Amino acid sequence: MATPPISRYPVPELAGLPDDIRERILAVQQKAGFVPNVFLVLAHRPDEFRAFFAYHDALMEKEGGLSKTEREMIVVATSGANDCLYCIVAHGAILRVYAKNPYVADQVAANYRKADITPRQKAMLAFALKVATASSAIVDEDFATLAAQGFSDEDIWDIGAIAAFFALSNRMANLVNMRPNEEFFLLGRVPRAAKAS
Amino acid sequence: MATPPISRYPVPELAGLPDDIRERILAVQQKAGFVPNVFLVLAHRPDEFRAFFAYHDALMEKEGGLSKTEREMIVVATSGANDCLYCIVAHGAILRVYAKNPYVADQVAANYRKADITPRQKAMLAFALKVATASSAIVDEDFATLAAQGFSDEDIWDIGAIAAFFALSNRMANLVNMRPNEEFFLLGRVPRAAKAS
Amino acid sequence: MATPPISRYPVPELAGLPDDIRERILAVQQKAGFVPNVFLVLAHRPDEFRAFFAYHDALMEKEGGLSKTEREMIVVATSGANDCLYCIVAHGAILRVYAKNPYVADQVAANYRKADITPRQKAMLAFALKVATASSAIVDEDFATLAAQGFSDEDIWDIGAIAAFFALSNRMANLVNMRPNEEFFLLGRVPRAAKAS
Amino acid sequence: MATPPISRYPVPELAGLPDDIRERILAVQQKAGFVPNVFLVLAHRPDEFRAFFAYHDALMEKEGGLSKTEREMIVVATSGANDCLYCIVAHGAILRVYAKNPYVADQVAANYRKADITPRQKAMLAFALKVATASSAIVDEDFATLAAQGFSDEDIWDIGAIAAFFALSNRMANLVNMRPNEEFFLLGRVPRAAKAS
Amino acid sequence: MATPPISRYPVPELAGLPDDIRERILAVQQKAGFVPNVFLVLAHRPDEFRAFFAYHDALMEKEGGLSKTEREMIVVATSGANDCLYCIVAHGAILRVYAKNPYVADQVAANYRKADITPRQKAMLAFALKVATASSAIVDEDFATLAAQGFSDEDIWDIGAIAAFFALSNRMANLVNMRPNEEFFLLGRVPRAAKAS
Amino acid sequence: MATPPISRYPVPELAGLPDDIRERILAVQQKAGFVPNVFLVLAHRPDEFRAFFAYHDALMEKEGGLSKTEREMIVVATSGANDCLYCIVAHGAILRVYAKNPYVADQVAANYRKADITPRQKAMLAFALKVATASSAIVDEDFATLAAQGFSDEDIWDIGAIAAFFALSNRMANLVNMRPNEEFFLLGRVPRAAKAS
C-alpha cells in the first residue's frame, strides 16, 4: 500500500515557510541527513512551532546535572507510558545514539525497572513517570528520594519539566497521528564498526 | 499561620529579571491589578518562561472558531481532571470573567456533563478530556463526532493543542507546588452591579 | 437560557409535604436564608429523606474528636474524588464558613496534599479518600497511622463513616443531577468586614 | 484458631442496648433464626444504626417495579464490585432464598454478564454498577436505555438508590472489618426437598 | 428456562474423543463423581487440552513448599481479581475440600485481607495478585518480602507460575463463557458429619 | 558493565537437560542461529517447559484463518499492553521477519490504532487486547463485531487463546526477569538486499 501521510493535517512545503522555520529545518536536515517529521508536521502552525522548539531546546540542550542520555531516557520512558509511537521511535533512536547502546531504548520504553541502567537512573525515571501519570500525588518525600540519589533541586525541575513537556508533545503526536520517519527505526541499532565494514 | 510560599523553588525579584520578562510581568500587573503567580514562579527559568508564554499566547489569544470562553472551558475541565489547584482556580476566575457567569467554572471543573453549556461545548470538552487522559485512543470517529457539531479541523487542533499545553502546565504547577493568588478565588463571582453598589 | 431544573425528578411543593419534613425545611430556611436544594430534591421520597438527614445529623452534628471544620473537609475531599458538583459547591461553602477561610474548600476539593491544613488533617483526608475509593484495601496499618496522629478509634469511625455516607450522597446527587443553589457559590468567600462595609 | 471477632469495634451486649434497637434485633432473630452480624456491629452507634436500617427498609422493603429478588441482585452485584465480603455473603444468601436459585448469587457477584438472568436484569445491573463505580458519568442516554427495558423513572431511582446505599454499607463493612455469620454461607444452597429428607 | 450451554463452542461427545483425552475424563469422573465442565469444554481442541492439563498438573500436583490448599488459595484469589465465574466456583469448591473449611473460599475470592489465613498466606496472595494484575512492576523487594515469610525462590516461582497459569485459564473461561457445574456450588460447604446423618 | 543474567533463576546447562528438551533447543538453534533465552530460562522446570511449548505450538503453528503474521501481531500487541520486555522484543523480531516489514512491530507494540495494518487486523487486535486486559467484559457483541470482519468462531478462539497464552507468558517473563537475546533487537530491521551488499 502507499505510504500513509505523516499527519492528519496539511504538511507545508518548505518553500512556503517563514524564513526562520525553513532555516531551522534545513539545519536539522544538514545535521541528521533527513528531516524528522515533527518539524514538518508542526510547521503547519508557525507560532506553535517556534514555541515548541524553543521549549524543547531550553530543556534538552541545556547544561546541568542530567546527561543528554538521561534526558532522552526520560522522554522514552514517559512516551512509552503515553503509548506515543512517534516519540518512542524517534527519541528511542536518539537515545541509542547518545548512549551508544542498541538495547537501552527498547528496555526503557517497555519497562525501566528491567533496563540496564543505574539505580540513580531508575529513581529518575520513577519520578518522571509519576509526573507523567499522577502529578497531583507528588509530595515532599519524592524530592527527598531523589536528593538521596544525588539529584539537586534544579535537576529535579529538569526531570519534571522534561516529563511535562513530553506530556504535551505525546498528546500532539497522538492528536495529529504523527508518523515516525523510517530512518529512526534502524538508527543506532548497528554498531559503527559493523556499518563501516 | 504564615502564608506558604508560592513555589518550592526560588522566586526571583522583578529587579533582577531580564528586561523582556520584567516588562511582560509589569504589563500583566497593569492590566489585571496583580501579578498571577505563574509569571513569578516560571521566571525562575527565563528561557522556559519565554517558551511557555509564547506557546500559551499562540493557543489562547489567536482568532478561530473557538471563543475565548470556550478556550478557558477546555483549560478548566482538563485541569480538573489533572487535579491542578493553580489552574482550576486561576483559569476558573478567567472563565467566569469571560463568560460573565459566576457558576460555570465550578461546574466545568467538577463535571462538564452537568454544566450549563451547549451540546457543542460538551462534545468539545469530551474530546479535550480524551486528549488529556487517553490520547493514544484517539480515532477518526472522534474527528467525525466533532465535525458533526460544526468544528473544523483547525478548531479540533485548537481543542487538542490547548488540552496538550495544559497537560504540560498542570504538571509544572504540580511539580513546583504553585500557589494560586488569593485574588483569583473571588474574581468573577460577584456581579458587576453588586460590586458597584 | 432558563434556569435548569434542580433535579431530574419532580420536586414537591412545600405545602404538600408531610409536616415533619416541611418543618425541617422551614427551619433550615430560617437559619440559612434559603433552602439548600438537597432538601427539596430528596423530599420526593419522604422515607428516604428522613433516613438521609437522620444519618447526616448523626455523623455531622455529633460531639467528638473531629471539629465541624474537619468533618466538612472530609465531605469536600471525597466529593471532589467523586466529581459530585452539588456536594463540592454546597459543602465547600459550609467549609469556608466554618473555617473562616475563603481558600481551603477549593484547595481540598482539588488536592488535599497542597491545602493549607495540618499534617494531622492530611492524614485524616488520606484515609477518608481510601474509604471513598478503595475501602477493601483498608488494613491495620491504616489505623496505626491515624493513631500516631492522635486519632482515637471512635474518631476513625467518624472519618470512615462520613466518607461512607457521602459515597451515598454523591451517588444520589449524580443520579438525580442535583443542582447547587446559586447562593453556595459565593458563601464564605468575602470576609465579613468587607461585606459589612 | 479461635473465631475472629465480628468487628474491629466493641460489640454491645443486647441487654445494654436501647429498647427499640434490642427489639428490632430480637425480631430479626425470631424470623431468621440468628442475628446477622450487621445488626450487632452497627448497634455500637445507636443513632447511626437507626438511620441505617430506616434507609435500608425504605429502599429494600418498598413496593415498586423491582422485585425483592431484583433488589438483592443489585446489592450482590455492587458489593462484588466493592469487594465487600460481608455483603456478598449475607445478601448472596438472601438472594438465593428469594430467587429460589442456589447459583444466581455467585454468578452475579462474579460477573452479571454471565448470570442466568434476563436482558432486562442485565441492563439493571449495568446501570447499578455505573452508579457504584462511575456515577459522575451518568447521562440521559442511561435513562433512555433503562426506559427501553421497561423501567419507569421511579424504578431507576430505586436501582440507583440501592446502589448508592450499599456504597455506604460496603464501606462501613470494610471499615469495621465486619464478619459474615457462618449461617449465611450455606443458606439457600440446598433445595428444600433435599433438606426435608 | 432451559439450562444454558456450558460453552459458546461445540462440546464434543466423549465417544468421539482421542483415547488419552477420553481416559483422562473418565478418570476424573471416577474420582470426583462428575466431569468438571472445563474438561469437556477444552476437549474441543485436543492439542490445547493436552497442554493445558499438563501445565496444570505440573503446577498444582507437584511437591514443594506450598500446600495443596495454598495452591488453590492462589487460584481463587486471582480468579476473583479476574472476575472468572468458572474458576471462582470450581476452585472455590476444591479449596473448601482441601482446607476442610466451608468459609475460606468465599473470603479469599472477595478479599484475602479479611480471610482467616496466616500472615504468610496473606503475603503469598498479595504477590500472586501482583503477578495477576501488575506483573511488570515486580521488583527485587517483592522477593525479599516473601523470603522474610519463609518462602524459597522455588516457592516464589510456584506462586507466580500458578497466578500466571490462571491468568490464561481465566481468560479462556471468560472467552468461551464456561459454565461451572452445579455440583461445585455446594461442594465442601456441608461438614462431613452433617452429610452422614 | 557485565552482561546481566537472563533470569533471576538458575539456567541449566544443555548437557544436563532431559534429551527431549535438549533436542528441541538444539533444533531451534539450528534454525535460528542462536537459542532464544526463553528456552534456556524455562528449562529450569522441565515439565513446565514441555507444557509451555506444547501449548505455544498448538496455537502458533496450527493452520487456520489467521496468518502467522497475524498471530505474531496478537503477541506483540498484548505483550505491549503487559509491558513485557522479552515478548515485545523477541516476538517483535519474529513479526518483522514474517511480515517482511521493519516497522510494523514497533507500531503494534506502541499503539495498534496507528499501525499500517488492515481494518480487519485492527478489529482482531482490539479484541485481543480486551481478552488481555478485561476478559470478564467480553459479550456477544464482540463476537458479532469480529464475524462482521470475516472471522469464524474458530478464528476467534485462536485470537482469544493466543492473547490468553501470552497473558501467561508475559507474567512468567516478568516474574523471572527474562532478558531478550541481543540478536532479536536487530532481526528483521535491515532489508535482505542491504544485508547482502
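Letters A, B, C, D, E and F mark the chains as written, and numbering starts fresh at 1 in each.
Definition applied: a contact is a pair of C-beta atoms (placed from the backbone, for glycine too) under 8 Å apart; a residue touches a chain by one contact, two chains touch by 3 or more.
Given the structure is predicted, the values throughout are model-derived calculations rather than measurements.
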Sorted by label, the chains bordering both chain A and chain B are C, F
Comparison of A-F and D-F (more C-beta pairs in contact): A-F
With touch defined as above, tell me whether chain E and chain F contact each other through largely the same residue numbers, more than half shared, or through different ones. same
Averaged over CA atoms, how far is the centre of chain A from the centre of chain C? Could you give it in whole Å? 44
Measuring centre to centre with CA averages, how many angstrom lie between chain B and chain C? 28
Taking each residue of chain D in turn, which ones touch at least two of the other chains? 83-84, 110-111, 136, 138, 174, 177
Linking chains that touch, what shape results: line, ring, star, complete or other? other
Determine which chains touch and list them pairwise. A-B, A-C, A-E, A-F, B-C, B-D, B-F, C-D, C-E, D-E, D-F, E-F
Flag every residue of chain B that touches chain A in the complex, lowest number first. 8-9, 45, 47-48, 50-52, 54-55, 57-59, 62, 82-84, 131-132, 135-136, 138, 143, 153, 157, 160-161, 163-165, 167-172, 174-177
In the complex, go through chain D and note every residue touching chain B. 136-139
What part of chain C is in contact with chain A in the complex they form? 110-111, 113
Quick one: in the complex, what on chain F touches chain A? 1, 4, 80, 83-85, 88-89, 102-103, 106-107, 109-111, 114, 116, 174, 177, 179, 182, 185-186, 189-190
